[in-house]
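Since the structure comes first, as structure tokens, the remarks are kept for the end.
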Amino acid sequence: MQLGLIGLGKMGKNMRERIRRAGIEVVGYDRNPAVSDVASLEDLVAALAAPRIVWIMVPHGDPTTQTVAALKELLDPGDLVIDGGNSYYKDDAVNADSLAERDIHYVDCGVSGGVWGLEEGYGLMAGGSREDVERAMPIFDALRPEGPREDGFAHSGEVGAGHYAKMVHNGIEYGLMHAYAEGWELLEAKDIVTDVHGTFRAWTRGTVVRSWLLDLMVKALEETPHLEGVSEFTTDSGEGRWTLMEGIDNAVPMPVLAAALFARFTSRQENSPQMQAVAALRGQFGGHAVQMLDDKADVNPAAQPKVERGQSTEPS
Amino acid sequence: MQLGLIGLGKMGKNMRERIRRAGIEVVGYDRNPAVSDVASLEDLVAALAAPRIVWIMVPHGDPTTQTVAALKELLDPGDLVIDGGNSYYKDDAVNADSLAERDIHYVDCGVSGGVWGLEEGYGLMAGGSREDVERAMPIFDALRPEGPREDGFAHSGEVGAGHYAKMVHNGIEYGLMHAYAEGWELLEAKDIVTDVHGTFRAWTRGTVVRSWLLDLMVKALEETPHLEGVSEFTTDSGEGRWTLMEGIDNAVPMPVLAAALFARFTSRQENSPQMQAVAALRGQFGGHAVQMLDDKADVNPAAQPKVERGQSTEPS
Amino acid sequence: MQLGLIGLGKMGKNMRERIRRAGIEVVGYDRNPAVSDVASLEDLVAALAAPRIVWIMVPHGDPTTQTVAALKELLDPGDLVIDGGNSYYKDDAVNADSLAERDIHYVDCGVSGGVWGLEEGYGLMAGGSREDVERAMPIFDALRPEGPREDGFAHSGEVGAGHYAKMVHNGIEYGLMHAYAEGWELLEAKDIVTDVHGTFRAWTRGTVVRSWLLDLMVKALEETPHLEGVSEFTTDSGEGRWTLMEGIDNAVPMPVLAAALFARFTSRQENSPQMQAVAALRGQFGGHAVQMLDDKADVNPAAQPKVERGQSTEPS
Amino acid sequence: MQLGLIGLGKMGKNMRERIRRAGIEVVGYDRNPAVSDVASLEDLVAALAAPRIVWIMVPHGDPTTQTVAALKELLDPGDLVIDGGNSYYKDDAVNADSLAERDIHYVDCGVSGGVWGLEEGYGLMAGGSREDVERAMPIFDALRPEGPREDGFAHSGEVGAGHYAKMVHNGIEYGLMHAYAEGWELLEAKDIVTDVHGTFRAWTRGTVVRSWLLDLMVKALEETPHLEGVSEFTTDSGEGRWTLMEGIDNAVPMPVLAAALFARFTSRQENSPQMQAVAALRGQFGGHAVQMLDDKADVNPAAQPKVERGQSTEPS
């Protein structure tokens, strides 16, 4: 069996290696010649016997759209394109319809596992027709963790379902991470638990909260026990936003996801405009001193009383 | 009629003036001799004819407790003490019981209005017996806004009810301010509304969102149209926390208050520990670069893409 | 001066009346002949002398789109269309561009005030060119509350800005209402404040939380002191969702709006699927009895202990 | 080695069995003679040779307090009491101090694992002196999962630290469960993923969200694929509330926990008072029809449009 694999970044390179280990021939292409097996998409297509399977693993949006457009020209009727990137699920129908004009088949596949997938396997969620998904099954079997297929692979539905499932997976991930993070902050803030790292480690076996993310948290704490020097600055890659918008669109309350996403937004603000507004309002009605940015050097946050008792008969 | 008034800070001083304007004799005491009418609590008590009414307007907690204790010694049976500060409602029963041992009466009264109360009057919520509240009514009438008594004064219930009502009032206030603040930030972030200040001003009449806080927001924007230089740093004076804890204790969901209170907590953190944990976790599973504090100088938040499209086939 | 007004529902009918009171001739059209001044859009256009001003006040989405399309055929170059409905701001550019093909001008205008606007005036936020907005100013002046123009009217920006401002106004409104609602529930849940209605009424003057919405809440409580018999079922009309999505799109955290919107979603669910999932999960790890819907008749929520002390050494 | 174990409910009975399998003699006492090894606490103490270790596994609050009081009378100086229930951490200092009056030692231990602990072992977090914890180590080793001690046991700090750690553990648990629950509801609400159960199962291996709770969710879905008939009604056992209150007290924002806890509160309300208030308010300003409970039989929630387009030029 052969596979064409386009995009050999952090994810793609490891996936190529894992699929090869399963005995499948992989022809990889990347704009970076240092990691690419072939010099061009044309060469990649030429290196594969029809009917071909080509897996796209490039950033979502324009890069994926352009790759699909190029493959539409290069591939033959009957070939199969799999988009394994983190594409927006509504893009899938567009891509599938476009390729169908030349009778090229399309499957979308959510891929989870991060840099650990090479050794541990990837969790996979595929969307497409039963026939197309079956045809790519050896690839899926190579990528997924060992054990029963159903424990690491799902045929989630028609085209788009794979990316939708992956999107929701990532939305859940936001909430899980934030739940641990809140607990960690509280344990660090309160002086009663003197071995926070050890306590988190003790949770990794036997407890209700054990998980892979918890294992990773323990690993992070082994490296920097109190996360000294780590910045709060946290980006978001789109899927959390998409999931929340889907929640809104389907009237599904998602307060946990919203909280986790908003905390990321806030982590990137040097001076929150909404809190400027609250501070300014308090200054208006209460004569509460409004702190100006220029004053900041003088402020010792540690000196902020837990509750400002002294201000209590100030206006409110 | 006479009133003893203890505590002549931002609130107390204005209240003395407003009560005097109503023709009531006020003997004020404050530790600061520059504003005090008498030299000591003893002098204050001596200056009043029994049965006395003494209003306490000092910070909640220890200062109020100590003042009550002192008055218990100095006052006579039949006198009435009113605590108008922002005391925790559970303190009221303790104070009332203590004073009752010497047959001194007790009323708690929530007072709202801020620095504007001198001219506009104060909203009042009293807790205590019908007789005690009636006895102090001339004081309440002097303090409350003009118009029907019921529009600025309530006998909310027995002892403790006044402070409970004021606590909830302040909890609501947190949510109201934050609602305006969120809307303001969005209008400032999106470039479509080019006159944000004017838009807020237009809301002050006729609209559903018109309110006194909105008037104050417009006033703040008149002073600094984009709140330039105002720090996000916002303290909290206890009543928001108490209200949320009451919600928890009574199984009342209070997500709006929680959001507003938590935003204040976050505004005082230089580097959110929980977001450090999220950032560290992402670094573990995805090889996402963890930004260190030392890097921060190099970060241009404005350069952060709205959604990081380029990272999207990175691990997740 | 003349105005054509399309859509004479709860809002449009009152607006016609208010504009007429200002001495402006209004020709109103509605599909409902009982309230319409003319029999058709054609008649409405014929009744107005060019250059005309036609105000659309019909539901957003298809009805507005279709009305704009019809007016594009019927009106003459130089005429002005104002969309005063709650249209999505992105529709404005589409409508303006379409009308511009026939040199018909376009202004969007957010209108707030509800059924009270007839007597109290409407808060207005307009988007469009300076010339077009000036041209319609007599209409705006007729609709807005008396007093300084700037206190009830804003020229918020170019086309789209009026609806954007109104959208954010409504998003704020969600949060304001929910803040009062949380406070009210807590006061009702806790037995200490025995006069909740009176306490709310006392807040309407002098306090920090005084507002028009508070006045309305007091009015509602006058009719049904404990809202007896009122269903929790609350719809949402789109603008809350749009505002939250804008927040997400612009990386503006809006936790208060999210909480208020999600509470509306939940209010329409008979049996929350996400809480079914939580209940099922607890049943799995803890042997906590999972309550089935069939059991529900036997459940007395009032008998639910505040904290289930008896379950505490159950698994967790 | 010997252990006295008081409380043989769902947790205690399994723990007795697991400790016995490790070769330790366990004398169990329960008020229920059907499961008890001895007839009374006196008999339990008499059956153990000094210096004794007695593990309390009864509900927190009064039952635990009373058991500690009884043991204070019955035990000898040098004996050790371990409270393994879900006690509030502030109770630990009280219990420890009381027992110390008779030189009886005290350790608190958080125990996680649910009904699965018998076979898989329990995650343990202990609080107390180094000597006392060391002395009980054979018991901890018997209870914890196999493998490195640090992966299922922590000496978290002094007295109280074990229960504090367990409290936070449970707070995190609330958030984790709710994150999965939100994702599940969205997948069920949107029709694109046609195999939700299979998708959740595919997440159990290789993905970032894999966890023990996810395994349990899959198990629950195997029993009832769409959780048919499961009620939303979800209780809370106190630790979520305590954790959130600790967050408030330490100025740690915990929006994820708050969301999860509040959703439980709401799940127990037939008719949310705060949403009654919102509905009533909307009725006041907009003439929006307020739905009364009596109407409810006529409401078809499925017929509720996702966004009520038709209501959009209604007042707002």
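First chain written, first letter: the chains are A, B, C and D, and each begins at residue 1.
Note that a contact is a pair of C-beta atoms (placed from the backbone, for glycine too) under 8 Å apart; a residue touches a chain by one contact, two chains touch by 3 or more.
Since this is a predicted model, take the numbers as computed values, not measurements.
Contact with subunit B and subunit D alike is made by A, C. Looking at B-C alongside A-C, one finds more C-beta pairs in contact between the chains of B-C. Comparing the residue numbers each copy contributes, subunit A and subunit D share more than half of them at their mutual interface. Note: the chain lying farthest from subunit A is B, by mean C-alpha position. Annotation: 41 Å between the Cα-based centres of subunit C and subunit D. Between the CA-based centres of subunit B and subunit C the separation comes to 29 Å, rounded to the whole angstrom.
Chain centres here are Cα averages; for subunit A and subunit C they lie 35 Å apart. Counting only residues that touch two or more partner chains, subunit D has 112-114, 117, 170, 173, 178, 180, 182, 185, 189, 208, 212-213, 241, 249, 251-255, 258-260, 262-263, 266, 268, 274, 285, 316. Subunit A meets subunit B in the complex at residues 7, 9-12, 57-62, 84-87, 112-117, 170, 173, 177-178, 180-182, 184-185, 188-189, 212-213, 216-217, 219-220, 224, 227, 229-239, 241, 255, 260, 263-264, 266-288, 290-296, 299, 301, 304, 307-316. Listing the residues of subunit C that touch subunit B in their complex gives 89, 112-114, 117, 120-125, 144-145, 147, 150-158, 160-161, 164-165, 168-176, 178-180, 182-183, 185-187, 189-190, 192-195, 198-199, 201-214, 243, 246-247, 249-260, 262-263, 304, 306.
The residues of subunit A lying in touch with subunit C in their complex are 208, 241, 244-245, 248-249, 251-255, 258-259, 261-263, 265-266, 268, 274, 285, 316.
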